[in-house]
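Chain IDs A, B, C and D follow the sequence of writing; residue 1 opens each chain.
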């Protein structure tokens, strides 16, 4: 624990230092990044210790704030989330040094690093806090810091708009959390998470209400449909290393919060006894949310033209997948099936880490593209692989991983969830089977669409011929930006190759989260580890065969005539870049099929005459919940409140009349 | 695992190219031609392997990696597929996830390799490929879920065991529906009529063929072989369900499966001869239909 | 004893300074004298308040002057605000002077009224006689009336007229209420001079005439509520705030409103005890609080004038404080804490608004944009205080509102909770929508940036840091003070008074 | 006996105010009302007439009867207006409303268990009525002067009430009231003066630039 305290102190110091130092920017970047990196390294020590079965560590310091106590605890669940947080924070920080270089001189970098340190600190506190007040403060600190990071390029109108949407969304979410915490506090008569976990919520109705509150409150941060509106706005607006941090780990604090909340609602405690079991509909609800977020998320991603927006929607999708895992776990809780619990929660938790890795990687890659070409319009890019080989290679790995394909990490976590769903769906009766089977079909669809989306993203951005001038002056990122991407890519591969080991490491966190018997957990984990061992064998075989083929091909082509020529274009001698398939045309068939869901708007000016001068097609896919839910609701409230304008319309007589009426009405009412 | 368990793999590796021959023969017969020799595919492979290669200046290592990844993936996948009474070389719970994953990987790289050429035709093919596969994927998984529910098994080798009359009696409709769905998946995944026409070389109409336009020499050989393997594997799955059980006699079952595979090839050939390729706009309906059929089967298992 | 002398001095010092200001001959000396006088009374006041908070109430002049925890706490906060505002006023008017907007006459008028208002407000806090307390409020109203139109313009006159008329009516009601309270004590055998002494009434609260007391409280609530800016009696407030010079708006929002609210708080324990502790009065307070929050929220949404926006924020926060008192228990504590936070924050906001207004020459937020770039220091002050005002953690206002929510939940006042959250949510959405362009929007090219001096920087940084610290750490003394003050309102018997048991879990 | 008479007169004067359009006349009526109220305490406490009441009476009469009218007439001269033009509520309606208010005041007065020194059942109701009438004048009239008058009537009402329960209200406070009323009117007078100079009218309903 002391290590963690040191780490946090260091972050605080770093924050203050960069703020005070201010200039020169170069050193500021190194100072900020350095403190984050060292803090992360320090923090990882106890985290790994706890995850490897070490004892839970806690520190309680009285804190002179009403109901507040500086109570931190590092249990496996916290450690599990803390690990990716620290990792991605450190890597993004290193990346940031190179990424922010282009702003040097134009803008003092002190504030951005200040808030970066605060954001990391906030996330650590959120994960560690065991006192409601402390948690809320940390939660808000996180929101505030990230708000200032999102609005880094506040000269741009769109960025300011995004910042507004983001802050409003997260703050309204917090409102629900406040109610959640205060109601729980009232029920248990304490502000202490450990007490909450012990007592749990016994009254069923209240537990249901709290569950819903938690879903809205934490779901807003995590990005459940339809509370996700801020994601596609904020992530593109933020500097890329911040997007990586936010999308990779910050939104996971929502998932963490939801899990933590479940431990209060008497759910996990009841895994054994029928007493505290959650009702079935909780699991149904989560699976429903997961499917909605997953399918709609990936569909909207497919419809985007901006690379970072696309990635942002994929975060929604992956949060959906994680939620599917949690839902499976909850169903397990309701039925007391340790298999479902372990596979469901295990898969969800593992996907949390995996998504942190590859989504972080992908955002960093997108950042490198932006840094190199100055645009994120997918249809303006192309052929970048030749100019940015490292970025392209790592991005490819990320793309394969996020599509859930072997041999990478995405496949592993989805394997767990799928396996759980199949086992449950096969063995049990309708009430459990139906959501699980829906999950199977849905996850399969998500997988197919994700593959489609990332073949598009990678293929159009990095392959083919450059589609615009932007690409021509593209340049590969420097090592500060490359190194983090390489490390993350390595992470994706390693988790894929050592899947059984990784799955084994879930032991501690699952015991801690679900209160199952260690035996129950370990045997279920073993039951999934053995197939994964086979998967790994298959993977190795695959790689060996691939190697063999490479050698074979080289042998075959050795000494033969290998010529290069233009792409065969059915007789076109010189295929120009304009003739290539664009991202929009690539996605068009799927878009047309799902038009009803997406509400894509097309603006076509078709070619006219014998020698058409120009023709244009423009498609925009506004966010459905933003358009259909929030805009109307906010508009309604707005116009409803503006009915009150006349109250203040300038006539003093009227004002006195209000007073008189108030007085007389009260008198008559109270003295009647 | 004993020697027998290598049989499905070996048969797949050796005989898969023959399927194309049989299909083409059947079609030729229907068209009243003599048609190419049965072993034509082998000749083609051999010829291609001995050729040099031409590459587009646009392309990168992705383009070269595509075919090899595809073939390697197909090989590994082949180890998971049972054949009639012969269980697969490797069988473990939920091995079909790895199977599907490998096919997905194969597709992923074929597609990016196609996009690597920067040709609009191959882009078009790629687009259609991902479009259709995104629709077949759920269908395939629902089929798997149905079988898993029906048999209570979670491994290809045990799920796709030959079915006895008894099974047909108590689960007849389910099996029938599953077979239909799986057949459609097979045709779509292997770019056969009615989804795609491997014969025409009018790019606009094609999906799989057009994606590999620019490949040549050994690369193309790999692709061809991988395609044959894919056809064989999915075929094997369908076959395993329709084949009657052969009381454990290896030779009998060997005869059964090899006969069965080519019977299947003939069926495909017949389908291709009597049906026309569907309009592209209609294909999604067919695939979604497959998913629907599979779902009906699943619902039947739920009651 | 010497506390007596001090209590008298508290009124005399500012009064004397005010008189002196009329005689001085140069604007700078006037401002200097003003700051000096305010400084002295701040020192005195804090000393006395500290004494009281440490070691119980003091009284003087045959109990006509009386200072207990509640009044001491409010006095302390008021003096803090006054001190800051005076310092700021000197900065503000120096600029005016440089630009030739300020004549000697105006300076004299301002300084004397400024100090007079201080004396009047002090009188409100230290008088034990409810009648005198009322006189103090009335005097404040009339003195500050002229402060609004230090610069005579059409708008400022209109604002002043509305302010004077509405508040006079309100205050008249308050007097009616005071009389009724006196009437309710009829038959207790209290001699005439004693009947309005708060301490006496407090002692006999149980045996006052309930019906009469209810009527009295309604009059008082409406009356003082008008002065405090509770909806629907708030309409004078945005006009006055938007037209008065920034330092004046600062004390208006910063503490004049709270002074009036303090008078209401004074009556709460008496009314509660008199009406048999049924929470009758508290319900009224809750109602007014919620209405104020919602009305303010509505007007914040579509506001274009920065100072009017801040004024409506005052309505909202006064509403929040009232709501807290209405919730009782922890809510009272939170309300008093919120008083401090809001006053600091709002004062800072008006400081910034004033200086930025001088730079941009307008308060129209459609023209007033990009302040963070034009004037980093004051921009930070404005943006920071706005964020704090809309309840962003880790600023102190978040804390007090959190405690208030807890009070509501623990009391089971779910409707109040929901309405409060709804209002706060609307305010957040609306105000943030104003604040972001304000901070980063595209500034008009005509605006010339102004470097902020040391004093100005201090005026921005000190309150912000204060709010930040209070949000993350509540000093023990403050907590005991708040508890002691809250216990006066909650009417906890002296034995319990001051014990943290009131709020700690 | 005398008290009742005065109180009745107060009520009547109020009704007169509601019905009159001439500002001059209104001012005089209010002055008269002030004088009567000034005498009220004396008459109410004939038996124990003390210096306190004497002083109070003198002060009241002086202020309400002399100073205020003077101030207001000055304001009138400044503004060169003599009559209220088209008020929000027509005079007849005003009087009817006034009667309704009178009824209401009696009802409320009955509800308020205030024990007055001289048990006069009229005192509380007429006080309340004055308050309501004053409010009505402020709300329903356009001329600033009229609103000052309204405020005065309101103050008179409160004063009446104060006198009624004078035993409980210390002398000092009463002087405070008088003083405040004085200053209030003074301030308002100056304000009217300023307004008139700034806008060359004193029609309050045209002071509506600040809104929203």
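Keep in mind that, in the parts below, a residue touches a chain if its C-beta (ideal position, glycine included) is under 8 Å from a C-beta of that chain, and two chains touch if they have at least 3 such contacts.
Since the model is a prediction, treat every value here as computed from it, not as a measurement.
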item: Joint neighbours of subunit B and subunit A, given as chain labels; value: none
item: Most centrally placed chain - per-chain CA mean versus overall CA mean; value: A
item: Centre distance in Å when subunit B and subunit C are each reduced to the mean of their C-alpha atoms; value: 79
item: Centre-of-Cα separation between subunit D and subunit C, whole angstrom; value: 31
item: Subunit A and subunit C: spacing of chain centres that average the CA atoms, whole Å; value: 44
item: Centre-of-Cα separation between subunit D and subunit A, whole angstrom; value: 70
item: Shared-contact residues (touching 2 or more other chains) in subunit D; value: 111-112, 135, 138, 147, 204, 207-210, 212
item: Per-residue multi-chain contacts in subunit A, two or more chains; value: 645, 648, 652, 654, 656, 667, 671
item: Residue list for subunit C, restricted to those that touch at least two other chains; value: 161-162, 165, 169, 211, 215, 238, 299, 302
item: Full enumeration of touching chain pairs; value: A-B, A-C, A-D, C-D
item: Contact footprint of subunit D on subunit C as seen in their complex; value: 129, 131-132, 134-135, 138-139, 142, 145-146, 149, 152-155, 157-162, 164-165, 168-169, 171-172, 175-176, 178-180, 182-183, 185-187, 190, 192-193, 195-196, 209, 211-212, 215, 238-239, 242-243, 299, 302-304, 308
item: Complex contacts: residues of subunit C adjacent to subunit A; value: 161-162, 165-166, 169-170, 173, 211, 214-215, 218-219, 221-222, 226, 232-233, 235-236, 238, 284, 295, 297-299, 301-302, 330, 333, 387, 392-394, 398-399, 402-403, 405-406, 409-410, 417, 421, 424-426, 428-429, 432-433, 436-437, 439-441, 471-476, 479, 503-505
item: Residues on subunit D engaged by subunit C in the complex (per definition of touch); value: 111-115, 131, 135, 138, 144, 147, 151, 154-155, 158, 161-162, 165, 167-173, 176-177, 179-180, 183-184, 187-188, 191, 194-195, 198-199, 204, 207-210, 212
item: Complex contacts: residues of subunit A adjacent to subunit C; value: 63-67, 133, 136-137, 139-141, 144, 151, 154-155, 160, 163-164, 167-168, 171-172, 175, 178-179, 182-183, 185-186, 189-191, 634, 637-638, 641-642, 644-645, 647-648, 652, 654-656, 658-659, 662-663, 666-667, 670-671
item: Contact footprint of subunit D on subunit A as seen in their complex; value: 645, 648-654, 656-657, 660, 664, 667-668, 671-672
